[in-house]
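The data blocks that follow each hold one structure.
Note that chain A is present in both complexes that follow, paired respectively with chain B and with chain C.
The block that comes next holds the complex of A and B.
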């Protein structure tokens, strides 16, 4: 107890040095643990999203781009696939196709045009307001609501895709009619609209006398949330009937199609239909693509582990040197203790007590840090995955 | 209190040799050791305290043949029988004055830290004029106050012998006499003998006897 008392008194008196050593040691312990927790949670989250999406239909090309775009609403822009592919799946009676149109964004969040089947498929529930029902309605993810500080009754304006868009396609103002409950998935960071609303944003569908002009904004009879936008479309009760689409819906684009087969047999039959390399569309199993990505991440992680180990060894050597120099500085104290009759091993006991106290504090801090990381891993990973989208 | 006979010692790495044919220190006696630097004064204190072991001869302290004790026994003997006062005070900066005084109790099982020891530490501090500064760390004390703390530390274990190695060497002339008087006064009250190495000849009249150490030196290096 006396050794502990003296050790604690020494550490308390030299609190700045003790604090630095404790924090450095705690970091050395925490970083690999936290990395492992976050990576494991990432792997689970990634694989879970992939596993929960049986099949994905899209244009032939990069499977990873298609998967990232459809599952994580990332910035990848795979070639669109025509809606006739969706109808073909419906007609086959083998699966339920859910189109996803994710070419546009608003305030940094992806606008996902889809059908109501998507909400049932992902088990998304509305925590405030209602679901999509009218052209132009938007239902936002929990993170979008939190980040933008918007809720039911507010509006969002789609971002202009091209500043020099001379076709005269204006951004669309969308009333927020619902906010989704958080799911710690990319859905939290998305703005959901009906796929027809996405086509309106794309300029495929439009109404008449629906453009809010700069003069109206200046006169105060209209407002915008994006200062860069001076003209945009607005769908109102008065003009909604005038909205119409030109051409055949079969030709309308969608980014990808989530395909939910009725059973394993249906899945196999469908996969077989898209094996032909000449077919401009492909049907993939996202779980396999995600697993490939995870395997790649973990190969990188093993490299990261080596780097972490080297840094940890270097940091431990630095701590060891600091402790050794500290002991050297205390040679006079040790000599005094010996002269006063200190028991054999007292010095070793004293220095051990100090080292053990420091390491115990570091371990406690690292344990608390690991517990915090573990507790928040899912939401942090969700945020990190959304960040990369 | 101390009886030394035919004591021989040498440091293995040097040509220094110390030979003390005979030396005694009576109970409650106050003796000063003087001599040139390197003559072995501090070495004699370390031999008496059992920190060093002689090549030959006998060192009897308070009825115990120190040289015949094992290392563990010498440590226990030193902790319980001898009080040390050093020139550089040897206080620990991370402990308060109170805990510095009680430090010997923290480093050896030969002493038990109890309420009696704590009361004795407070009484000694009050007697030395630092009763109101017990919670200060050494850096917040003057040199004279630091040496008073060191004297309290040497006496708190109620030793029979005080070994003082240049205890006043770092003090200003006014403080020297005051601190030495304080050491004698407290040692006298505790019934302890004092053997003090000093270079300060002005202080010698305060001792009962002076031992010139030049006669014992048998080498050039020390």
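The block that comes next holds the complex of A and C.
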């Protein structure tokens, strides 16, 4: 009791040095624990997103690019796949295909053109406003709303994907009709539109101020000129009826297709259909791709662990040196205590009490830090993953 | 004691009724009346069938309000006609998993109509192919559509497969009978040149070998001078004797066209239902009227 009282009084008197030692020790304890928590949370988040997406259909090429663009809406650009692939899966009756068109962005956020089935599949709910209803509508993720400070009633304008692709892509102003509830997933950072709206941005679908029939042209009662026909960059009540799509929908592009098979048998049959290396499309299980990525990350993590251990040992040695030097500096003080009648055991108890108090305070701070990290790990990891996209 | 028994019986009845009404019925939305009729015949009381287009509005060009879209999105099954009918479907967001195109299997039998040519941007002039949309005016195609509806109902488990099969067999019999009756009734009209006030009857004409030329008049509207001039030109060119109206016009309109030597017939294209008649009854009535006009 006396030793603890004297140790605490000593630490309080030398508060600056005690504070530095406590914080350094707390950091040495906290950093590996926090890293472990964040890594295991990100592993769970990454694997969970992959596990929640049974199959992914896309053009043959990098499986990682396809997975990252379809699951995390990243900047990777896999070759588009034609909508006839989606219809083929519908016709098979083996699975529900959900197309994802993520070629465009707005204000730094990916525009994801899809069907309403995606919202049911990912269990996304609207927290403000309504869901997609009309061509041109946009529903934004919670993070988009927060970052851009936009909400229902505001508008977003699509950015051309390629600065030089001036011929095909026309910016479209889209009204925000809903904001999604946060999910701590890449969906929070996306702007969702109907896939038909994405095709309008791509120039496949568009509106006209006027149309003329071939018969009118032949009869000379109407002429065809570029100036006579206006292309809209905003879909309004007045012009929506003039919007139409060119060609067969089977030829329209989509970036990737989430495929939700009816059961394990359907999944196996579907996978078998895309085994042929000559097939321009591939059907992959994103969970396997993500697991491969996670394994690679964790191989790097073991290297990080070694580095962290070396740094921790060095820091502990530095603390030990500091304590040793402080004891050397206090040699006269200790000698005075001995002369006053304190036994060696008493001096040793006093010094131990100081060290234990310091370490206890450090451990308490590290524990509080770890609890805070643990509590917010999901949202921080979600934010980090979305940032990486 | 008997009073107690009665009370118990009433309580049991109320409990059962409340349970039945609390269970929400599946909902099927159809984009036109024939599909609504097929779905009703095939589902019986197993689901509610809704045709959301208000009376007096052309279902081809209806523009649904947000509340309508919300109702349609929440349906268990959405029956589309295909063949370019109901273009509003392209401009609203609908769950693909609930959509069924009832003419997907008969696309090779579509009738291609006039193409629309225009240009925009740097894309140059191009054309859109038009399709005749009123497929159900050919009972053979209507049977194919009813079969597509039956498959969709069974796939979504909205009614038992046995019930749907039995109801489809009955519906197919009725449509085949309608087809046979129509073929017989219109056999005498095949040689007569017919004018229609709107291009709606391409499939009817092809099925029964009718010679039809179409005007572009509004449904039930009294023709103006330009319209009458176009009508006279066709009469002169084709020697037409019968004019098919898609909706009942004013008596004055009948008089105007009657004065040109035409026999007027109202043949509703049945995208909307006819009050008091089912699709098959209204179709048969219209065929009788046309056959009657042809034999006058």
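Quick notes
In this section, the second predicted complex is superposed on the first by the 357 of 389 C-alpha atoms of A that agree within 3 Å, B and C clash if a C-alpha of one lies under 4 Å from a C-alpha of the other, contacts with A are read in each partner's own complex, and residues count from 1 in each chain.
The rule we apply is simple: a contact is a pair of C-beta atoms (placed from the backbone, for glycine too) under 8 Å apart; a residue touches a chain by one contact, two chains touch by 3 or more.
Being a predicted model, the structure only gives us computed values, none of them experimental.
Of the two partner chains placed by superposition, only chain C is touched by A:196; chain B is not. Within the superposed three-chain model, A:356 lies out of touch with both chain B and chain C [touch as defined at top]. Looking at the superposed arrangement, the partner reaching more residues of chain A, out of chain B and chain C, is C. By the touch criterion stated above, A:364 is placed in contact with neither chain B nor chain C.
Of the two partner chains placed by superposition, only chain B is touched by A:333; chain C is not. When the shared chain is aligned, chain B comes close enough to touch A:343, but chain C does not. In the overlay built on the shared chain, the residue A:10 is in contact with chain B alone; chain C does not reach it. After overlaying the two complexes on the shared chain, residue contacts for A:321 are found with neither chain B nor chain C.
Of all the residues in chain B, the ones that touch chain A in their complex are 46, 49, 51, 71-72, 75-80, 82, 84, 86, 88, 90, 92-95, 99, 103-110, 113, 137. Those residues of chain C whose C-beta lies close enough to touch chain A in the complex are 61, 63, 66, 69-70, 73, 87, 90-97, 114-122, 125-128, 155. Per the touch definition, chain A reaches chain B in the complex via residues 2, 5-6, 9-10, 12-14, 332-333, 336-344, 346.
Residues 90, 93, 96, 98, 115-117, 120, 130-135, 137, 167, 170, 194, 196, 203, 206, 208, 210-215, 217, 224-226, 229-231, 240-241, 243-246 of chain A are the ones touching chain C in the complex.
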